[in-house]
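Heads up, there are several structures right after this.
Paired with chain B in one complex and with chain C in the other, chain A is shared by the two complexes that follow.
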Partner chain A sequence: MRPTPILPTRWPSLLPLAVTLLVSATPAHAQERTHVGVQFILGDELYRSELTGAEITQLETDAGSLLAAELGRRIGYLDFRPSDSANYQVQFVVARRSAAPGGTAADALAQIGVFARLRGTSPMTREVYWLTLRRPEDALMPVGTPADILDQLRLKLRLNADYNLLSDSLLVHVPLADSATSLGDPFGWLLPFSRDEVCLDLQSRLQIVGTVPSQIGQLERVLTAEITSVSGTLPSQPTSSEVARFLLFGEAEQGQQHYEELRQAVIAGKLTLRAIYVIKYQPSPCLQPVSPGEGPLVSGGGS
Partner chain B sequence: MILWHASSISREEKPHRDGGDEGDQPVSKSSKSSAESFLPRAAVLVVFVIVLDLWGSQHFGLGFRNPGVIAGVVAAIAYAVNLVGRLVPKSERENAGERLAGWIRRALTPEVLLVLGTAMLLLMASVSSVTVIGDTADANTRISVYPVGSPDRVRVDSLSSAPGLARFLVLSSALGRTFRVEASGYLPAAFDVYPVVGRKIRLGRDMSLAPTVLFRPSVDALRSLAGGGSLHVYRIEGGDKRLVVDTTGLEPAAYYIGRPPALPSSTVKDWERALSGQLPPSVIDQTILRWKTLVALTTGDVAPGVSLMAEVVSRAGKPVARAEVVVGESRLVDVPLMDVKS
Partner chain C sequence: MSGWTRDTAIHLVALTVLFPATGVAAQQVETTGVVTKALDLQRLADFTSARDLLANALARCPIQAEVKACSSRLDYALGYIHQQEAARAPTGREQLLQSAAEYYQSALNATPTNVDAVYNLAIVYRQMGAHEWQQPFFEGAARRDPSRAGIYDVLKGDYYRDRGMRQQALAAYEAAVQVRPDDDVARSRLVSATADAPSGAALRRLISVYESWEARYPDAALAGYLAVIDASRGSDVALARETLVRWASLMAQQRRVNAGMLGALPRDWQDESVRDLAAYLENPIARPATRNWWLQSQDRRDALARVGLALGDTWIANGNYARTDSCWNAALHLVPRGAPSAIDLTRELSLLYFRVPSLDPDQSRFRSLEKELFSEKGAAIMRGDLPTTQRFHTVLGLIYASYGTWGGFGARNATYQLERALQTAAQRDRLERSYQPLGGMHDLLGQAYAETGRRPAAAAAYLTAARAHLDSDQLGAAERASARAQEAGASEESVTAVRRVLDIRRRIAGAEPGSSGLREVCGTSSLAAQPDARDEAVFLARQSFKVWSDCALAGASQAPRRAADAVQLVAGRGMPLANLGDLRRLEGVRAAVLAGVGLAADALPVDPTTEPLSGDVEVGLMLPGEDHAVRVRLDARSVLVSAIVAGLPTTMELPRLKVEGGEVTLVDVPEGVDRSALVRALRAVPGVTAVKDPG
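For the complex of A and B:
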């Protein structure tokens, strides 16, 4: 028998169907979220010259914790921790936006802000300019004490930071999971997480990367899927909290290249899953509440 | 001349002294001759007074040549004489006059004049003065005077605002003595000070204006100063650095050593041109405003040829901007502090 996802369009549904999952693959439940190390690096000389070595170290530690906490409150499918030794590392580096090697007089015109860099996904470092800390017009404003800098950063993280940009540009390359239960009908993947574990809501989109055997060896195939339902044994009238306990199901989007090929491979048990990425994040209400003054869960504001 | 007077007076006075108490005739005769012999002594005294007056005027700025003083003294004497004349009977007045004349005659002996003249000579040969004269722009300028080789005997005063001068009484010698004079904003100089005539020094003519060194912190340095940074100025002498200015909590500005500089508009335009294109206009305006705020650094003046190094250090003790300069001959030495690249 094939596993049957329930609540195919939205939850909680009143479908009185209780389904016991029968899956051919090994259940992947209880997998931990991907751990992402967060590091804050005060790279610009403007700041470094105004602080002692001990102050810089302390500020980098405090700001790393602050960033990890703020990211954790807004992006629930990854586990952000202040660390510099995780497999996946997001570095927030304070630098001049138009920084040139050696520095030029024109640097003074540059704004100083936070570059977000992702390490660990490939030999290449991905980087995006994320958040402005000082505009060119602020050239004569004192930098302040480490506490002042931390306060400014906290304020900007809540009011000006564009978490969508971070998610779409960098975190999209961090896998949500490297295993899932593949289903042929409906064609999709039962994720090893419940909604409350990763705070992914319906309409979040996933990218599935796997390999299938061929005459020339293993071929990498990529499909997109959308989280459409949860799967499990539900009571007749499930509540939202009950639904939240069940595993998420990402259904492959039809009409894609290799759709049928992969579906057949899944049915035949020949698809080897490599990784699942979140390419469009729709946060669920399980995230820690963010007060209105702190901006939206995933703000659309510019930096 | 004084000795000649003394001997001649001494000779003429003997008869009077010998027969002073012997009846009216001799008294009358001796009175006449005594009055005649008194005149040269009085003349000598007048000469003494005039010389003393000239000397006092030269070194103290006071003297009977001052019309106000003269008028006051004359008026006071006239009033006193008139008052005495009204209050005292004629006979007593005549007796008192005789007694007074006698006292003066007896007091003004040749010996007394000799001592007085010698004392004056010694005083004028040893005490002299240095008078420093400035203009209104030099009001409150600090002046220091000390014998060359004895800086520990320095005497300090400020130019008064109204007459614009400062006087220093100094111990000189008959052949003169050399003093070093320092005035804030001027180059120090040494002057020979001779007795009697003293020395009058006119600032700007006898002492050259010291160059004004203007340190202009960069934008980064201005920001650092606003955040609690400090300015250090070193004097470089033979490869050694000697800290001459160490200030914290300064208002972000341009800082100068020497006289307050008058900034020509062309200089300010040059500054604007240098910043143009590197900073937003609002920051350029703020920066120029800072640089037009001039803050004096309390250190000695600098002479041409002196090497200085200025450095702005951040609150964390890290160098932010720096400049070195060898002071030239120009009146205003404009020194921009450049950012220190790590």
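For the complex of A and C:
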């Protein structure tokens, strides 16, 4: 006889029983994760002078793929792909940490590493120095083959790269979504994603950017929200809202400027959402079920 | 009738006819066909047809015990289809998930060892939200599917967390981190649960965990320290302050220091430690007040000096050299001469003056730094921190060489500094079981000797450089260094020995894979000259590894055996790898050896976070830009298989084997191989404890 789990009827305390769904002008809909193009550029002359043009091109392609794959594994809420033509572009550029005004001889003792640059969010390019490949005292070490450079990068990405620095400095400016269902009570936003689609968990924090009408035109307003619900936490509603039970819910953090103004705007249907950003990333395991077509079904001892 | 329905009907008729007639094997084939068809339908989002197809097939499964795999497999597939549908359906998700759970449970009832059913069921339960009745499942999942224990620990922790059982959640996350320290999610969960630590002792235990993350997961360690500060600032301010020092120091090491960094701390924590750090960040060039909290102990001073170092580093990247100069000099006054941060500051200031001569036009400031540094106390401390010491001597050696200050009395010249750098490197290599070839440094030292008229020393240094360049696979540089050695008066014999190795390496590199030229050089060339010193013997072993590996990987004759010899050379001697090329060689020959007996290989673990098992061999590899060698682990099975392949007679074609622990099972023996001779040969291999021949 097959077991029948008993589904609970209580609702978690974080949401009041009488929840009112107030659907904004832009209801939540299934949305693709934001596509972020990843590029690797071997910019430093020390490296370029040791490799042929074809080797540089191949290395840049391979390293771009490697970085996109590793970022995808570490930061699940964006869709990283090797590309040089996406709306949002992260370029990883190998260059000197700083130029030496002392001339060529002085420049030999330079720190060389990977800068990460974000393009596409504004006219301004945002940049951080991310990974050191060679320190001044490595000046006499060989650059190595393209395979050596790629392997060094691969190991650094696995062993000690600081992904939070990328999230905090650059990716915080790439929107997670440009639409969501706004709720007035509890005050927050149902994101167009489930937990397993974007690997975001409870305690992730969001920045919500929207506009509200005023006598002098549309005013931009910014609020922060925290993901307080990941599944099954909203009560049953008519068909259109049942999906909501499996969507992430970002609850506006109280005590902020414009909190009440925006809540009222949401209730009145006057908030126009512009974008939602992840400002603190709490990863969730993006678990995918094993298909019956994959691998052996049984391992360990026999039954 | 739609296409799928017609196909299904035909399929079901076939099933009905075939099951009783053709027995278990045919039934398994049919089940596979049904599952495949259902998956095709599911991919087309035709869930109803997929479910119907499977349900019909399930109804026709034989009931005999020996064919229960039929129902188990179809139950699993039905669970999967329901789960997939739940992820996409606009309505009825809860019911779909409940059905998925029931089918997985049913599959498990029939086949309790179906670990994928355990895993998928865990995902279903997680999607349903945490309910009390799930607790026994989450508490037992890791026992049922040990290979995914770390994942289940996280899911169990999430279950407890969502049920408000905070202490249990913390314990589960700690267990998850122990099992899978590389898991970002497990670390993140532990950090999030830090606030639930029941006592100061528990928080201290967590601090030691976060400290162990500093080198490998600095971002997670920083987040962990912040969580400890947040958890302890109200109840144990001393602990919060202690953690703040660690946090500030690591922020500095990670070069994440800036004026706004304190925004990461709890906003309402108005402690004097925070206030005084804020004052320093605002004006790092001014001398902090004597009563500044950060000046009251050595570790705080060191942390503050590191913050200053990092701040200056930020400005230097923006070309603000004068400000950096002031900041670093001010930071240098915060710490005693021999403190680790003082050595780093001195090195960076020396480099700054070298790279920006306008800051020190008469080199007086550089000389003043030397004086500070080579004081007795500074030197004594430096000896204890080998990576810092090596970095320091290397930078000074390069600067003196650039100035043309090759020799002279005392420490203020290239020769002294380069010698110390290389001695320290050798000392580190002994301690870390690593090897840094440093051909360029040996070359430069040879030049320093030559410039100061020490020809025999120059010849020896150039010869060492030539060998080191061969270790780094820099054949052109090795050629040039050997020429310089000859010019400096090295013996004909020693130069010839190096050139013989160089010649073999060049011929292998130049030969087409699988060509007769390759076979010739790999078959006839030998490095086995009689070494006249231990260093030379070790050098020849490293070169043998490269030659055997390159020959095996380029398809020379007896490739698996050459590959096995190469693996044995590394495993038998615990021989460190000279560069990333050697890592690729080792991965290649290991895979070739395993493939030779029909076994698959995965990637070699580099710096694994788990403890080695008995028989595993770990060797060091020093990477550029890193302070410590990483460990590369050769698993015990690969070592044993390489011993087997190397130990079997070269005339014997390799069999296919199964190897578990020391037990070897013959899977497939080539025609013409004498099985009893094979068994005897296998039993003679050290490490083989039993040989099974099912044939």
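List of remarks:
Just so it is clear, the second predicted complex is superposed on the first by the 236 of 303 C-alpha atoms of A that agree within 3 Å, B and C clash if a C-alpha of one lies under 4 Å from a C-alpha of the other, contacts with A are read in each partner's own complex, and residues count from 1 in each chain.
Everything that follows uses one rule, which is that a residue touches a chain if its C-beta (ideal position, glycine included) is under 8 Å from a C-beta of that chain, and two chains touch if they have at least 3 such contacts.
Note that this is a predicted model, so its numbers are computed, not measured.
By the document's definition of touching, of the two partners only chain B reaches A:45; chain C does not. When the shared chain is aligned, chain B and chain C each come close enough to touch A:142. Once chain A of one complex is fitted onto chain A of the other, the partner contacts of A:124 are absent, as it touches neither chain B nor chain C.
Look at A:55: by the touch rule set out above, it reaches chain B but stays clear of chain C.
Within the superposed three-chain model, A:160 lies in touch with chain C and out of touch with chain B [touch as defined at top]. Residue contacts after overlaying the shared chain place A:216 against neither chain B nor chain C.
Counting the residues of chain A that each partner touches, chain B and chain C differ, and the larger count belongs to C. Overlaid on A, the two complexes show chain B and chain C touching the same residues of chain A, namely 105-106, 108-109, 136-137, 139-142, 144.
Within the complex, the chain A residues that touch chain B are 45-46, 48-52, 55, 103, 105-106, 108-109, 136-137, 139-144.
Across the complex, chain A meets chain C through its residues 2-8, 12, 74, 97-102, 105-110, 113, 129, 132-142, 144-145, 147-148, 151-152, 155-156, 158-160, 162-165, 194, 196, 201-203, 231-233, 239, 242-243, 245-246, 282-285, 287-295, 297-303. By the touch criterion stated above, chain C contacts chain A in their complex at residues 35-36, 39, 72-73, 76-77, 80, 83-84, 87, 90-94, 98, 101-103, 105-106, 110-117, 119-120, 122-124, 126-129, 131-134, 146-147, 151, 154-155, 161-162, 184-185, 188, 192, 215-220, 222-223, 254-256, 316-319, 321, 351, 354-358, 390-391, 394-395, 398-399, 402, 438-441, 443-444, 472-474, 477, 579-581, 583-584, 606-607, 623-625, 630.
Of all residues in chain B, only 219-220, 222-224, 226-229, 252, 278-280, 282-283, 286-287, 290, 314-320, 341-342 touch chain A in the complex they form.
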